[in-house]
Structures are given as structure tokens and as C-alpha cells.
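Multiple structures are listed underneath, in C-alpha cells.
Shared between the two complexes below is chain A, which pairs with chain B and chain C, respectively.
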Partner chain A sequence: MPRIVYVLPDGTRREVDAAAGTSVMKNAVLNDVPGITAECGGSLMCATCHVYVDPADAGRFPPRADDEEEMLEVTEAEVRETSRLSCQLTVDDTLDGITVHVPEEDA
Partner chain B sequence: MTRVVVVGAGHGGVATAQALRAAGSTAHVTLVSAEDEPPYERPPLSKDVLLGKASMDSVRLRAAGWYDDNGVDLLLGTRVAAIDREARAVHLDGGAPLPYDALVLATGGRPRPLPCPGSGLAGVCSLLTSEHCRDLRSRLAGARDVVIVGAGFIGLEVASAAVALGLRPVVLELVDRVLARGAAAEVSRAVASYHLSRGVDLRLGTGVRQLLGTEERVTGVVTSTGEVLPADLVLVGVGSSPNDGLAAEAGLHCQDGVVVDAGLRTTDPRISAIGDCARFPLGHGLVRLESVQNAVDQGKHVAARLAGTVRADAPYLAVPWFWSNQGGLRFQAVGVAEGSDHEVVRGDPEAGRFSVFRFRRDRLVCVDSVNDAAGHRTGRRLLANRAHPTLDQVADPSVDLRTVGRAPG
Partner chain C sequence: MTASPTATPTVDLDPMVLFADPYPLYAQLRRDTPVAYVPAMGRLLVTRYEDVVTVSRDWETFSAREDTPGPEHKIIGETLMSFDGEEDHLRLRRMMDAPLKPRALREHWEPVFRANAAALLDDLAGRGEADLFADFATPLAAMNLASFLGFEGVSAQQLIDWCKGIIDAGGGYMLDDAGIWERGFAARDGVIAATDAAADRVRGNPDPSMISSIINSPEPMTPQQLYSNIMITIGGGLNEPRDVLLTAAYGLLTNPDQLAAVRAEPSLWKKTFEEACRWVSPIGMFIRQVARPVELGGVRLQPGDKITGVVASANRDERVYADPDVFDIHRKGPSHVAFGGGGPHFCIGAWAARASIGTIALPALFDRLPNLRLDPEREVPWGGFVFRGPLAMPVRWDA
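Our next item is the complex of A and B:
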């Protein structure tokens, strides 16, 4: 079971055991990681599942698809090179310990 | 301690409870749900769950333990029967009164039945709840002749699912285009041709006169043109009505929805209404929207007001948006089309990738996109910034709309 580490804006770390084949978004919602609303449930329609992949893990996920690129521009928080929509990030056993940062929530 | 009672644990009700806790509210929160199923997302019911690609457990709004962990009393399988405004309590079906200091109505809507003979036959389905979805899924698995009444979002999503299951559904639509209520005419054309290309038998301008049956089971549909179509499964997707009966019986102002003010309060300031059941001020009039975004953002607004993180008189101002997945087709809309009088297409409708920018009195009010995340993104930016592109700017593909500035005033 791959572990996902969510780092909250205040620095708190939340570790979650994820089932292979599930998304970083889904695991956040089901484990009540704050700041990932995921209103569209993973359909790449809402951009409320924005995270920053830890620089150390950059390159472990396949690159953004075009639609993800466009929808990222809808997010409230600043878009960085490491920005991803977490519903598009599927974990498997090779991604154990992957670390993502949750953006500061918009006021 | 303040007692907040939320009626309905769909997208809006759960978002309210969640936002109250996220704002640090220590109010006593009770979520009352008429459904037995723990709270879940509705959109997958006509998409991945209907196709069996996702389980109900994978579409929960919160983890099972969230309610307990956050001190939210979740009463499943419990219907609120009446509101006693004088006593400030709701009456539960067969239970003790539940007192409140603040009451939030998030009761959603219910599918409209077909107003014709035979609509009560077995095999005539609608789609709102997980129970409906289970029923529809098992019937689709054994169906041969599927007729879908209504080419709205739910009708067309179910048609896509039926096609994916190897069926060739007939879709009947009373007016002369699909998605007539929600989308621009150019979008209707593109969506219709997509479904036709996938083998959907789409009949525009065709209504239903009667449903036929033997031994209480549906066997056919008589259309408004007199044709008899064989049917062992009929899905009715002709819109929904708001669940505003509780509010109306309690003397709150209702008008096809619970009427609320700019802060989402009903005519009783202790009672708010959100989501599909509410009619609220937006743009130039009162509207009722049926979308996840609307239910969630309104829930968040009411929670913020109750938790004191926004002023009591703060208006709800979110720009509405909506999406629909129909097989490989992605539809997204932002803004409110009501009253729009001019449309400009950007992109390539022939290639099935474009957006329609809709104006009302020269002001951009809505953007509908088909397979065009970039167009949707642009529309969201423009509307959120109250930017004011001209018709000419939108019509000129060389203008980068992201650079268009804010409207004066």
C-alpha cells in the first residue's frame, strides 16, 4: 500500500495509506485532509483539488495533460511548476511516500 | 451553545456542516437525511456508478468517521416532517422535536413525473438517489429497448451510459433541440451530433402521449406523433421540482423554490435555504440552480455567516459553474445564461471543441464550453473579475481574452 504524505499550509504532515490505483485527491477527501474540496469528484472540471508536488518527488508522476494545464489556471492559489490537480495523480506501489503540499486556502 | 439543524445531507447540507467546522464553529450541528445511504456525490449516479466503474463507497462526500470525529450528529433515514417556527424546532418523522437556533434547508429537488397515462408502470425510472441508480443499473443490464424521455443533462448522460453498455437508446425531446434549457444553440447542435454519431436514436420535437404496459410492466411508448416504440425500460429526465413543501407549510415565502435574500435567508431570518431547493437573487432576477457548485458554495456562505467569519449582511456572490460528462464529451458552463440576447462562438464547432460566449445587453454573462477547458477557464476568469470584453474582442480570435481588463464600476 503506497503511503501519501500531505503537508498542510501550517507545516503539519498527514500520512495516509492509499490503495494502489486511487488518486491523491480521493485519499485526501476520504481522510479529511483539509483544503482539498474536489467539488467535481475527479472529473477535471473544478480545479478545487490543487496541490504542489514536493520538489523531491517532481518527475515521479506523468506530466500534466492539456486539460489539466488549462484547468490549473482556474485555481485560486498561485500556480507553480510543481502545481498539479490531485485528481489526476494516481498512486501505485512505486510511488510510496509521495509528498504533496496543500496550498493556503483562499479566504 | 448554538444549535444548527441542517435538513438534507446532500452536497449543500454536508458542505454546510464541513464549513462550520472548518471555520472553527463549536455549534451543535445536526444533519438530518431522509436517505438511508451515508452522504454521497450525486453526479456519478448518471456516470461512473451507473456504469459500474465506481462503487458507492468510492463516492462518499466524507469518510464514514468524519461525522463523529467532528461532532456532527448525522441522522440517516430520518425525515423532517414539519418546522415549528414559534417553538424554533423541527419535528422528525416519529421522533421528538429537535430545537434549533439556526435552521438550514438543503432539501434538494425531486424528479418531475411524466404527466401521462402509464407513468406508474414498473420499468419507468427516474434518477435522483443511489437507490434509483442501483435499480436503473440492474434494469439496464437486462434491457433491450431503452427509451429516454427528455434530452437534458441527466437524459443524455444516461443515454451515454446505455450506449457504453451496448444499447441503442431512443431519446425523445419535446422541443427542437437538446439541452434547450441550459445551453447555447450551437452547443445543442454539437451535443446532438455527438450522440447521433454514437448511435443514439434522437427524436427532436417529439413528446410522449402514453406509456403502454402488460401486467404492470412497461412495454412501449406512444409518442406525440402517434408512433409506438417498444420499451422495456423508460428513463424519465424531464427536470425536477424543488422540495419546498416544508418551508411553504411553515409559512415561508416560496415560488418554485424557497425564496431567499442576498444573504440566503428566508423570510424567517433564523432559517436559510441553499442549493437546489432555493431561489435566490442573481443578476437581474431570482434564480434556482441545480449544480454541485451552487449547493456547496451556498452552504459555505451560510456556514460563514453562522460562524461569524463573514458579516451578517454579506451577500452571496459566487459565479455559478456547472459541468456534464456525456461519454467522451465534456460540457462546462460558467455564469447565468438567463436573458442572454447575443452569442459569439470561439473555437471550432466542426471539430467539436469550442466555447459560446453569451451576452446580455452587451455584457458577458455566461460561457458554455464543449471539450474546451481553455475556453471555460477564460470564461471563469472574465466573469470572476467582472471583466467586460466587447463582442468584437470575443469575436476576434487574435485577441487574448485573458488580457481584457475589469469593467468600470
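Our next item is the complex of A and C:
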């Protein structure tokens, strides 16, 4: 079971053991991680699942697809190199310990 | 017919009372029987925010496939709404939502929406009074819809008639009469002809329209899928922007402090739009069928049970919103569920509605018609619960 670490804007860490094949968004919602509202439930229609992948983990996920890139244009919080829509990030055992940061404005 | 499952609370609701004002009844259901069987509808009504979101997102348990499709199926056929979250649904959705995403809206449709609003307001400006329902919100929504569908040469009135033909034939609260079906089938034939004409124009010659996106996609829809999905887009893409525009205008006109706030701080238009969606949700409910045994809101559900997720009620749930019956553009709280509670059927028109109404039509309306106010001598009638909004909105301004 890959573990996902969510770092909240105030620095609090929330660790979740995720089933392989599920998304970083889904695990946040199931575990009430604040700041990841995921209004559209993963349909790539909202950008309210925005996270920053920890720089140390950059490159562990496949790159953004076009339609993810497009929705990142309408996030509330600032978009950075490490910005991703967490509904598009699927975890498996190779991604154990992956760390993402929840943006300030969404929280 | 589903029988009422054992031990499920049963509540008699009168559709006429719901039509007049469903909100007091929803408050009662949320408090006492958050999952209740309603014999008049033959369905279980789910009324709390949390449960509505669950039903909306968990498509493997709450399926959009119904084994006895509603009356609108006779006219419309299978659409995005007849699938679940599987590959094929996503493939069809992509063809339809791509032309309505934020980038496409900014590049192609916002200027068109702006021109449509300006044309109507220029015509009205000198009159000093109007019915915002008939004279602005309805034709605007129709013109915008015709634009992004790719219907050239189809008048606003034509599209309004087709939309009404489709909706009335499917409307749960309409009486079954022969004329309704006749008009429904006539609407279908009109939509098919207009879709064929648009498809011929854009085939191999793409433009930014939805029909072009479908026709020119690598694996296009079958003709029947195309017609059905254009019909559902007409049925679901005209009345809702109209209603949210009117609701937002009403909210501001009856709360002058909020109107002053949004005029001083234009970034609040966005919040005004979202609050109007929450306060009176244009589409009040969505339907699903239980696919596997599950417990929801303390009630045991069985495969085959028919569920209605009442987004209008979820959006007034006192568990998540303070003073939920009050219109307040400064409100805090979770996102409303007026576009659905998230999941595979989340509204594909959400960004188009935000842009056309929230970003464009509302500010244009208040800018162009000085001292806009409700006509003090006339009422604003409201109606509906499957769909709800003002049925007329007489206003005056300084011409």
C-alpha cells in the first residue's frame, strides 16, 4: 500500500495509506484532507484538486497531459512548476511516500 | 415499479406544493428522513449534502443506467446521461466538453457571448422597462447555445421552441397529453435537421463549435449518438443559464448592499454567480439507480432502487451552510452542487455558464440599464422543483 503524505499550508502532515491504482485526489477526499475539494470528482472540469508535488518527488509522476495543463489555467492558487491536478495522479507501490503540498488559497 | 423497500421511511409529497416552493419540505426531509421513499415519484429522495455527493460520485454503486428509462428517452434516446463512468462515456464526453473548457471559452466564445448580450441590451436600453425573463435572459441563453453548438441560421425563438418541446415531453410533472408528444417529436426532427446542416458545414472544415468537435474527432459518434447528445445539450443548456441569470439579478436587486459591493469590486461577480446557483439551483435533482446493496443515510438500499439526489436541498443543507435560505454573495462554505455533486456526470456546461452569465451577462446588464430595479407594481413569480427559477421578472430602469 503506497503511503501519500499531504502537507497542509500550516505545515501539518497528513499521512494516508492508499490502495494502488487510486488517485491522490480520491484519497484526500476519503480522508477529509482539507483544501482538496475536488468539486467535479475527477472529471477534469474544476481544478479544485490542485496540489504542488514536493520538489524532492518531482519527476516521479508522468508529465501533465494537455487537458490537465488547460485546467491548471483556472486554479485559484498560483501555478508553479510542481503544480498538478491531483485527480490525475494515480499512485502505485513504486510511489510509496510521495509528498504533495495543499495550496494556501484552496484551504 | 420499485416497491418501497422495507424499513424505509415513506413520505407523501404533493408535486404541486413542491412546484410552488420545495424548500420548506426539503428542510423537513433533511431533518427527519434524509433518505425517504416518495410514492408520487416512485423514488427515494436523498436530501442531505453529504449523501447527495456520495450518490453523485460513487457511480459503481449509484448507476446512471436505469432499467426503465424516463419518458424523455422516447424523444432523446441514449445520451451521456445513460452511461456510467467507463471509457466510452469519457470518450464521448471529451468530444463535447473540449469546446467548452476555459481556454476555448476565452479564445472563441467570450467575444461571441459578449456580442450577444450587447445586441439584446442595445435594443432594450431605450425602453425603460422589460420582462427580463422574456426580453433578455431567454433569448440570450438561446443565442449563446446556438453559437457554441454550431447552429448557424437557427433563430433564438426556434431553439427556445425545440428546447421546450424536448423538456415538456420529458418533464416529470407535466400531464401526459398527445400534443406534448407531437411537439416533442417535431422538436426532435428540427434538431436533427439543424445538426445535419451544421455537420455538413464543419466536416473536414473544423471550427470551434461542439458539433465540429464531435464530427471531426478521430473516432466520432454514431449519427444517433450525435443527435441524442445535441438534444440533451439543448434540453440542459438553455433554461439553466437563463434561470441562474434571473436568480442572480433578483438576489442583487433585493439586496442593495450586495449590489453595491459587487459594483465596487467586480471580482465578486464570480461569487454572485456561484451563490445564485446554490440559492436556487436551476436543476433541482438528478436520478440514479442502485446497482449493489448499500447503506445510505441510515437506510438499507437494494439493487434496482431508484434514487433522486436533490441538489437543491443539498445546497440549502444547514449542516454545511450557515443561514442557508439567505442569498449572500460573501458566503463561506463548501462548493455548491448545482452542477452535480462531482463524478462522471459533472456538468460539461459549467464553464460556459460561468463565462456567459457570471463574467459577461450580469455585469453587462447592470452597466447598460442604469438604476435597474424590480417593477414595484408587479410580482416576480417563481416555480418548479425539477427545474426552478423566476417565471417572469418585470423590471424598470432610467432610460
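Everything that follows uses one rule, which is that the second predicted complex is superposed on the first by the 105 of 107 C-alpha atoms of A that agree within 3 Å, B and C clash if a C-alpha of one lies under 4 Å from a C-alpha of the other, contacts with A are read in each partner's own complex, and residues count from 1 in each chain.
In this text, a contact is a pair of C-beta atoms (placed from the backbone, for glycine too) under 8 Å apart; a residue touches a chain by one contact, two chains touch by 3 or more.
As the structure is a computational prediction, the values presented were derived from the model and not from experiment.
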Which superposed partner A:Asp92 touches (first chain B, second chain C, both, neither):
neither
Looking at A:Glu15 after the superposition, I want to know if it touches chain B, chain C, both of them or none. Which is it: first, second, both, neither?
neither
Looking at the overlay, does A:Pro34 come into contact with chain B only (first), chain C only (second), both, or neither?
first
Touching A:Cys46 in the superposition: chain B (first), chain C (second), both, neither?
both
First (chain B), second (chain C), both or neither touched by A:Val74
both
Tell me which of chain B and chain C touches more residues of chain A.
B
Residue overlap on chain A between the chain B contact set and the chain C contact set?
37, 39-41, 43, 45-46, 67, 70-71, 73-74
Parts of chain A lying in touch with chain B, wherever the complex brings them together:
26, 29-32, 34, 37, 39-41, 43-46, 66-67, 70-71, 73-74
Taking the touch rule as given, give the residues of chain C at its contact with chain A in the complex, in rising order.
56-57, 93-94, 97-98, 101-103, 334-335, 339, 341-344, 346-348, 350-351
Contact residues on chain A for chain C in the complex?
37-43, 45-46, 48, 67, 70-71, 73-74
Give every residue of chain B touching chain A within the complex, in rising order.
22, 41, 43-44, 58-60, 62-63, 66, 69, 292-293, 296, 321, 323, 325, 330, 332, 373-374, 376-377, 380-381
